[in-house]
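By written order: A, B, C, D and E. Residues from 1 in each chain.
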Amino acid sequence: GSGSKGSTAAGSSGGTVKVGLITKTDTNPFFVKMKEGAQKAAQEDGVTLTTAAGKFDGDNAGQIAAIENMVASGVKGILITPSDSKAILPAIKKARDKGVLVIALDSPTDPQDGTDALFATDNKKAGELIGQYAKAAMAGKPAKIATLDLAPGVAVGQLRHDGFLAGFGVAAGDPSIVCSQDTGGDQAKGQTAMENCLQKAPDINLVYTINEPAALGAYTALKAKGREKDVLIVSVDGGCTGTQAVKDGKIAATSQQYPMLMAEKGVKAVADFAKTGTKASGYTDTGVTLISDTPQTGVDSKDTGFGLTNCWG
Amino acid sequence: MTTSTAPYADLTGPTLARRIMTAPTAGPLAALVLACAFFSLATDQFLSGGNFSLIIQQVMVVGTLAIGQTLIILTAGIDLSCGAVMAFGSIMIAKMAAEGTVPPLVAIALGLAVCAGFGLVNGLLVKLIPLPPFIVTLGMLNVAFALTHIYSKEQTVADLPSQLTFLGNTFPLGGTDVTYGSLVALALFAVFAHLLSSTSWGRHVYALGNSSEAARLNGVRIGRLTIGLYALAGVVYGIAALLLVSRTGVGDPQAGQTDNLDSITAVVLGGTSLFGGRGSVLGSLIGALIVGVFRNGLQLMGVASIYQTLITGVLVILAVTVDQISRKRTR
Amino acid sequence: MTTSTAPYADLTGPTLARRIMTAPTAGPLAALVLACAFFSLATDQFLSGGNFSLIIQQVMVVGTLAIGQTLIILTAGIDLSCGAVMAFGSIMIAKMAAEGTVPPLVAIALGLAVCAGFGLVNGLLVKLIPLPPFIVTLGMLNVAFALTHIYSKEQTVADLPSQLTFLGNTFPLGGTDVTYGSLVALALFAVFAHLLSSTSWGRHVYALGNSSEAARLNGVRIGRLTIGLYALAGVVYGIAALLLVSRTGVGDPQAGQTDNLDSITAVVLGGTSLFGGRGSVLGSLIGALIVGVFRNGLQLMGVASIYQTLITGVLVILAVTVDQISRKRTR
Amino acid sequence: MMSTQTPTPVLQARGLVKRYGHVTAIDGADFDLLPGEVLAVIGDNGAGKSSLIKALTGAVTPDEGEIRLNGEVIRFNGPQDARCHGIETVYQDLAVAASMDIASNMFLGRELRRPGPLGSVLRMLDKKRMREEAAEHMADLKIGLRSLTQPVETLSGGQRQAVAVARAVAWARSVVVMDEPTAALGVKESGQVLDLIRRVRDKGLPVVLISHNMPHVFEIADRIHVHRMGRRAALIKPGDYSMSEVVAIMTGALTVDEDGGGTVVADAEAAKAAGIGTN
Amino acid sequence: MMSTQTPTPVLQARGLVKRYGHVTAIDGADFDLLPGEVLAVIGDNGAGKSSLIKALTGAVTPDEGEIRLNGEVIRFNGPQDARCHGIETVYQDLAVAASMDIASNMFLGRELRRPGPLGSVLRMLDKKRMREEAAEHMADLKIGLRSLTQPVETLSGGQRQAVAVARAVAWARSVVVMDEPTAALGVKESGQVLDLIRRVRDKGLPVVLISHNMPHVFEIADRIHVHRMGRRAALIKPGDYSMSEVVAIMTGALTVDEDGGGTVVADAEAAKAAGIGTN
């Protein structure tokens, strides 16, 4: 798309249709993949994609500014992964009042009808799946759990964490959770956190991680202690590196999500809106799949062959 | 002996033209104008009242923080806690008002008071022990950040009473919608520009930043001046908190995490020296606007976000280069 | 006239005892020892060789960055780009080596060279135009950050050749496993401590930081010295990149995002003045260890994450307070 | 010298001590300033003169000893306290704010406000009047200045010193203390400062003048306080001794008799070198 | 005065100009320093003396004019260039590194290395030797010092000045330039510096001495360069004029005849005030 110039107002028939995509950050591979999916769909549908991102996970002000600037530049619709489910609502409302179609990707706003539509995975469910998997894999062994979380107050992290505990069947604050640490989803921080957890409770045998980089950091720390074989690591995301790590046996299981799919559907919806004037609405679940090469009875899962063909980064 | 009795050429002060040319804000202003000119040519949507109103709204929170930051930096200090203090203030105001614990205006007053309290503690530690401002405010950053999350229980606070969001409302001004909050921020800049340039207090702040020892020997009470400055900066962060709440319509515990660096950037882009004693709040306003214009303009041009980061990096360096060159020329 | 011909009491230099008491690192060291004592009492797992080895591994990357940061801060500069430059260096080394474009050792050399290049550009901008270090390195932070993500395509690079991860391997030392990387970092500290305290170059660095004008008038070539320092700091960041890669076993484009503030914190905690001319790299090592001990100890105590942040904030302030008090007492 | 009946000293100190680490800058110093006199303080480099007057003007808190103002024991909590008591000081390192201009420096801490509500409500400074008055004070000293609005950091050494001197004289109400006020000044300008000191004395204010310039000291001082190795070595009248004798006292070659009047050779060789025969 | 045949000047300048904004600090100044002479540079405060010698020693780049060293046109790219040519300078603001000790300051830019591989391989400094030599140089000036290892920022004004003077004299190989080297020094210490200057001249090195102290100037100078309002007003021999005549030239009351020798009253009233009858 080259002709961004000349399209003065939203809906002007002659110019190209502009679609905005606002992700939480620029740097998480999950969102990068989402952008790729959007770019591909934009090319197919003949619309122009512009992107923006918050400066960090939770940067609400940055996302608001991005919405405003996109509306000013005359976009037809905005796809957004809201950093904060509530805080973004007033800005979205202003955009919608100006006739812009706003679709939430990956996680909902609160309330969900703050946006026209939602294309997302259920993060809580993703957590539950690996929780159930872990419960089955532990086979009644008493668990000593470490959780490597995201950051204070970021909804995705909270939902996955809660889901994991629910799926595993323990309550928050249960004595079997011997160590919890924020990692920001970063591999080096994940490693440091795991090292310290092992120092604190050497008999940890189950590790939940917010995403696969944190999981790989934990794996490195466990390996240094020679514990990588007898500790179960479960994670969420389903990126290609992560799925490969499941295949390599570093991670036992991961809940795979599909960011490209969300973005593709989102761009299509905006393109449709531009053509037909009908707005997408409601919740479309883009699905989550448990990936593991060591399936457990009673828990549905697919193998890494499936995982690697459907992974996103 | 003729030289000594001859009237000084500049007894009446510099001429207006010279004043504008040599004003320390001339360089940043030139950079801002250049940036605006560029984006006006590059995109159709940039040059409009609505867009400018938007930019001002977008920078008003960081800009207001930059006022407090300027005060601290003028004393050769630095404040890493400003964003975190603002976040705590905003969540406090929002939560108390939304839960109806106290009337909204009382909530605002309490929020300002708490922010002032944080500033006061910063000031006391910096001056009385004394500790380096960098470490004190870094520690306070962690404390305020943690308190924000503990107090808010990680919950965003919505459904705020209208007194809290009033400043986010707009009124038409020459065909453009302007928020009341933008006016408050601009008024605040005017007040502090006046205080710093035209009152005794302002002189003392600059003298303190130049050399705290010289200021002390000249009878400036540097202890209470410094502590007062940190507390006052806290009040300004409280006002920023209110502006933030009114702009976003919610109390958000995640707010302000990069605002310390952003506000320092605005201050330094505005020509204020990190070594204290030289600079102005108007420079900081211009500095904040420069960054805002870059972000807005690049977005309007449809530059992909990672390239926006790249280009912003280069542009920030270019902006101070313009400043530097314009200084050399007028010297 | 007796005073002038009398031998000076301190012609032979201060006594060893006095030297230790008045060393600028005495305060930070006291804070570190206090922290260690506290955590040894508070948790059973803290006081062990294995745990100390772990702490050193955890701080070695930030600690190495802090060496470069110290160099810059001693000249009254500041480097916000260190973490981003390191991230770019590490992804470059990892990617080139993993893809087999060049042999691993060549990849390492190229990585160091690129990091040095970033430093060189910083130095040239700071000295030749001249621009404030804060802005230059802020701009470079954005540039290096964006380039890292563009170059890596956001992909973590795994399956590195063993030459790259060698420094992450351990060898037993008195019953404790120590990584080679820890040794490299400690050796680097020793080298720079020597260079700064015992060579002409070190003297010139301090003189430059004290007053660049005085240094210039005394014939110190401040231009090339400054530029060289920034480039050298870049090389050190390159070494940090290698240590990072060897520690995590992957090239990670997300690395280093908070390391600029962390390294500055280590430097300031170590007693180095942000106004230049006073401080030491050993102080920075101690500063980095203080933060590492806090994080490790609090986690061993089982403190919840958000309270760790809160307590770290308070402890950081306490640590410099200890430093400050110990300085007053020995004066 | 102190045996005759004297009026209550304006400023007095007994047994002042100030230590910096292993350096004792003031080592049990006494000090007496009588009303209306010009008291010169002389001594070798490093004798502790500046430290002494810093302690007397609240810039430094002495470790031991007591200070009296008009006979009453006083403790200054910082220089502003001394200023409140009308004591103005020219410090050796001048204590000027480098990036500010002459008028701002001269009025630092007592800025003039505009008349009317602009001043009382908006608290606006009367920059023009401050500039004019500053120009007058500088003209008093006949200092050649090419611009009034340049930052003082760009002034020549002498110009900067003149700013500090003019400031102290303009504001003093009880005592003026000057630490080497003419060190960087030219012949003409130094003369002006001496004139100024005389005028201040004629107004009835006592002046403390630290100087290494013996002709100046002998020209203007009513009494001379000789400082040596951190304490007062002698307090004499210039008429009673020759310049070379005073220098000899300063360097320790001579000491002054306890009961006043005579001198004793302490170091014969040194005294010879200083050109004093044994008396 | 320049009519007699003279040897090639060691350091010479013609038509130097240096402007700072609307202040012209050097306004077409000439300068001549002959081999082996002590040349005093005198002038009112703000006349531009310091600016002149800054331009001559590479510390400032003049806007116009040319500088010759031993007859050859030269451009200094910074002070280190002048130092490479053996020119050492004591700047008025001393240019010392505040937090470093005396020895480090004295050897700044030419530190001594340890003998053997410690020095050549590890490049280790010989701190002990530097401290000892620094102590010797300071002892030469007979400056009272209580500690050698304290940072120079804690030294007294005179002590700090002595460090700068000792440093310049220790290193000069062709010219020594001193900007008011005795301003903060005591009587005895000033005498030592004058002695030092004589010793330097006796070694054959020319010395440029800026001073406001006329007795010193007349005691030691071979020629006097009178600076006034940014340029050289006269170049005279001290024997040819009285001290008060020289002061009158400095302040502009008298001007020197073009063809040397006599003086002309330029400002009768001023000349009277300066104590000069019309001649």
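Keep this in mind: a residue touches a chain if its C-beta (ideal position, glycine included) is under 8 Å from a C-beta of that chain, and two chains touch if they have at least 3 such contacts.
Everything numeric in this text was worked out from a predicted model, so none of it was measured.
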**Of A-C and A-B, whichever chain pair has more C-beta contact pairs** = A-B
**Request:** Look at all chain centres (mean of CA atoms) and spot the one farthest from the centre of chain C.
**Result:** D
**Prompt:** Counting only C-alpha atoms to place each centre, which chain is farthest from chain B?
**Reply:** E
**Message:** Between chain D and chain E, what distance separates the C-alpha centroids? Give it in angstrom.
**Reply:** 28
**Prompt:** How many angstrom lie between the CA centroids of chain A and chain E, rounded to a whole number?
**Reply:** 73
**Prompt:** Could you state the distance in Å from the CA-based centre of chain B to that of chain E?
**Reply:** 48
**Message:** By the touch rule stated above, which residues of chain D touch at least two different other chains?
**Reply:** 20-22, 44, 46, 143-147, 188, 229, 251
**Prompt:** Which chain A residues reach two or more other chains?
**Reply:** 26, 152
**Prompt:** Multi-chain contacts in chain C: which residues touch at least two other chains?
**Reply:** 1, 3, 9, 149, 306, 309
**Complete:** The residues of chain A that touch chain B in their complex are 4-6, 8, 18, 23, 26, 48, 50-53, 55-56, 58-61, 64-66, 68-70, 72-74, 83-87, 89-91, 110, 152-154, 158
**Item:** Residues of chain C touching chain A in the complex
**Value:** 43, 45, 50-51, 54, 57-58, 61, 149, 153-156, 158, 170, 177, 244, 247-250, 252-255, 257, 295-296, 299-300, 302, 304-306, 309
**Item:** chain E-touching residues of chain D, taken from the complex the two chains share
**Value:** 20-24, 43-47, 50, 92-93, 143-147, 150, 154-159, 162, 180, 183-190, 212-215, 229, 247, 250-251
**Asked** Across the complex, what residues on chain C touch chain E?
**Response** 1, 3-5, 8-14, 194, 198-201, 203-204, 206-207, 210-211, 213-221, 277-278
**Request:** Report the residues of chain C in contact with chain B in the complex, numbered from low to high.
**Result:** 76, 78, 80, 125, 129-132, 134-136, 138-143, 145-147, 149-150, 261, 264-265, 268-269, 273-275, 306-307, 309-310, 312-317, 320-321, 324
